[in-house]
Amino acid sequence: MAVYNLYVFDKYGVMLFYNEWNRLKKSGMTQEEEAKLMYGMLYSIKSFVGKMSPIDLRDGFLYYKTNKYALHYLETPSGLKFVISTDTASINVKELLQQFYAKVWVEFVVRDPLWVPGTPVTSDLCKQKIDEFIKQSPIYGIKNI
Amino acid sequence: MIIYGVYIVSKSGGLIFNHDHNIPRIENEKTFSYPIDLVLDYDPKKVSVVFGQKDGINVGHVLVSINGIMANGGTLEDGRDVKAVIEDANNYPLNLKFSRPRMTTNEKIFLASMFYPLFAIASQLSPEPKSSGIEVLEADTFTLHCFQTLTGVKFMVIAEPHQTGLDILLRRIYELYSDYVLKNPFYSLEMPIRCELFDNKLQALLEQVEKGTTALIEK
Amino acid sequence: MSRQTTRFDAKKVNSELLTLTYGSFVTQMLRDYENVDDVNKQLERIGYNMGMRLIEDFLARTSATRCLEMRETADKIQNAFRMYLNVQPTIANWSAAGDEFSLIFDNNPLTDFVELPQDLTNLRYSAILCGCIRGALEMVQLEVQCWFVQDQLKGDNNTEIRVKFIRRLEDAIPAGED
């Protein structure tokens, strides 16, 4: 079990938050470039899934897996996008993201009067709460290197 | 298990084969009175529902016909403008038929070539070293399994969500491909696959799989 | 989680505190702006900014999905009023095309104790509510217009807010793609 990284984007594609845990491989890009690539990929996957689906979609794209990791995706109706990479064995990640939204994002970011919507999270309290949440989650674990 | 379709993408990213297996046709007809309580987008190419879905006519569905007269994008077959007909109170009641748009061949080719970079980016963005591309992609309405051979050909199967055993199915399709496509002396590599024998065998395999997963393992 | 400790218990906060705070807030604005129209605009704007944040709380708590028709939207707004103000507006007066409806309130907690002076009949005292609806819906890709049709403060029988669908906003496209 392992969590590798977490991205939060708003509906305009601005990266509001990023952090990584136990990540072994860097992509060799700056964080900004990587975020753009990630958002672009998610956007394409979304439109791919919309066209590919044989019947009407409700939630749309949920996750993809490669042989090394899984990327789980949760989009709220307000267009916030929560993206988490985990190992391929992790389960109930969607529920985890939902909880993250309700218990961490709404409580500590949206309600922070100093946070301006559409800008990255800078408050140390928020960052600390996010870190705690991920570290306490059942799927967080340190992999043997 | 329901299998919706099979795609084969060549090494260079072009769609060389596709088979629609079991895609449901979603169509709904309803008689409306004025004013119509759907919000429509009148694009010259298609008239689609943007908001206000009801009775199975969902957002994204495209207008097929009015009073039985086929709509060809923004104009009716008899030459009238769709928007003018729908907005004129004198024409009501109107019977409108909508359907979920189905993919055209061009769209399929486009989507197949779109999957190629997604596959590569997923591997590039991997937090772990030496990751493959996307192997499974899951949405709430379908699951897509992709198998890339060592030679770079990609096989994709689209099925109902939460299916297991699709990996084995992909292997079997690979076997069929190597038997009935590659061994066919008249097939040239990278070109669209038009082999009747392959079509028949694939159809038989899919039907067998849909009846029960045991058939897969027996071989 | 620390949620319980930081969170006010909704039952224990006196609602009169809200009513009084809002009242002195509006009167202070009237003093600062000296112009009723400006105050109306500002109240709407404040509501709009609140709505933009409140929607996240609503979505997270109710795990609501995106609305694809107006009746669903109306139900959710009704639900939100119950959650946040403990009032239950009635949904009524649908337009024929189903794109416009009214929320009718028997009482409005913001206006308990309020008597509107004669010279302030232009003041839309509860404009914050309209702003809130507009801001929240804009965050879920719905552009609406929202205004008061009747107001008990002005001697009407009910308080009635009208909501009109304008259009669905498109999802943002990442830079450099189409």
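For clarity, chains are labelled A, B and C in written order, and residue numbers in each chain start from 1.
In the analysis below, a contact is a pair of C-beta atoms (placed from the backbone, for glycine too) under 8 Å apart; a residue touches a chain by one contact, two chains touch by 3 or more.
Only a predicted model underlies this, so the values are computations on that prediction, with no experimental measurement involved.
S.K.: Have a look at A-B versus A-C and report the one with more C-beta pairs in contact.
M.R.: Answer to which pair has more contacts is A-B.
S.K.: Taking each chain's centre as the mean of its CA atoms, which one is most distant from chain C?
M.R.: That would be chain B.
S.K.: Approximately how many whole Å separate the CA-defined centres of chain B and chain C?
M.R.: 42
S.K.: Compute the distance, rounded to whole Å, between the mean C-alpha positions of chain A and chain C.
M.R.: Going by mean C-alpha positions, chain A sits 31 Å from chain C.
S.K.: Measuring centre to centre with CA averages, how many angstrom lie between chain A and chain B?
M.R.: Averaging C-alpha atoms per chain gives centres 28 Å apart.
S.K.: Touching at least two other chains at once: which residues of chain B meet that condition?
M.R.: 58
S.K.: By residue number and range, which residues of chain A touch two or more other chains?
M.R.: In chain A, 40, 44, 58-59 touch at least two other chains.
S.K.: Across the complex, what residues on chain A touch chain B?
M.R.: The touching residues are 4-5, 20, 23-25, 27, 34, 37-38, 40-41, 44-45, 48-69, 71, 85, 87.
S.K.: For a test of understanding, state which residues of chain C touch chain A in their complex under the given definition.
M.R.: Residues of chain C touching chain A: 1-3, 6-7, 52-53, 55-57, 59-61, 63-67, 139-141, 171-177.
S.K.: What does chain A use to touch chain C in their complex?
M.R.: Result: residues 11-13, 36, 39-40, 43-44, 58-59, 76-80, 98, 101-103, 105-107, 110-111, 117, 129, 133 of chain A touch chain C.
S.K.: Which chain C residues qualify as touching chain B in the complex?
M.R.: Answer in residue numbers: 68-70, 96-99, 142, 165, 167-168.
S.K.: Can you check the complex and tell me which residues of chain B touch chain C?
M.R.: Against chain C, chain B makes touches at 34-37, 39, 50-54, 58-59.
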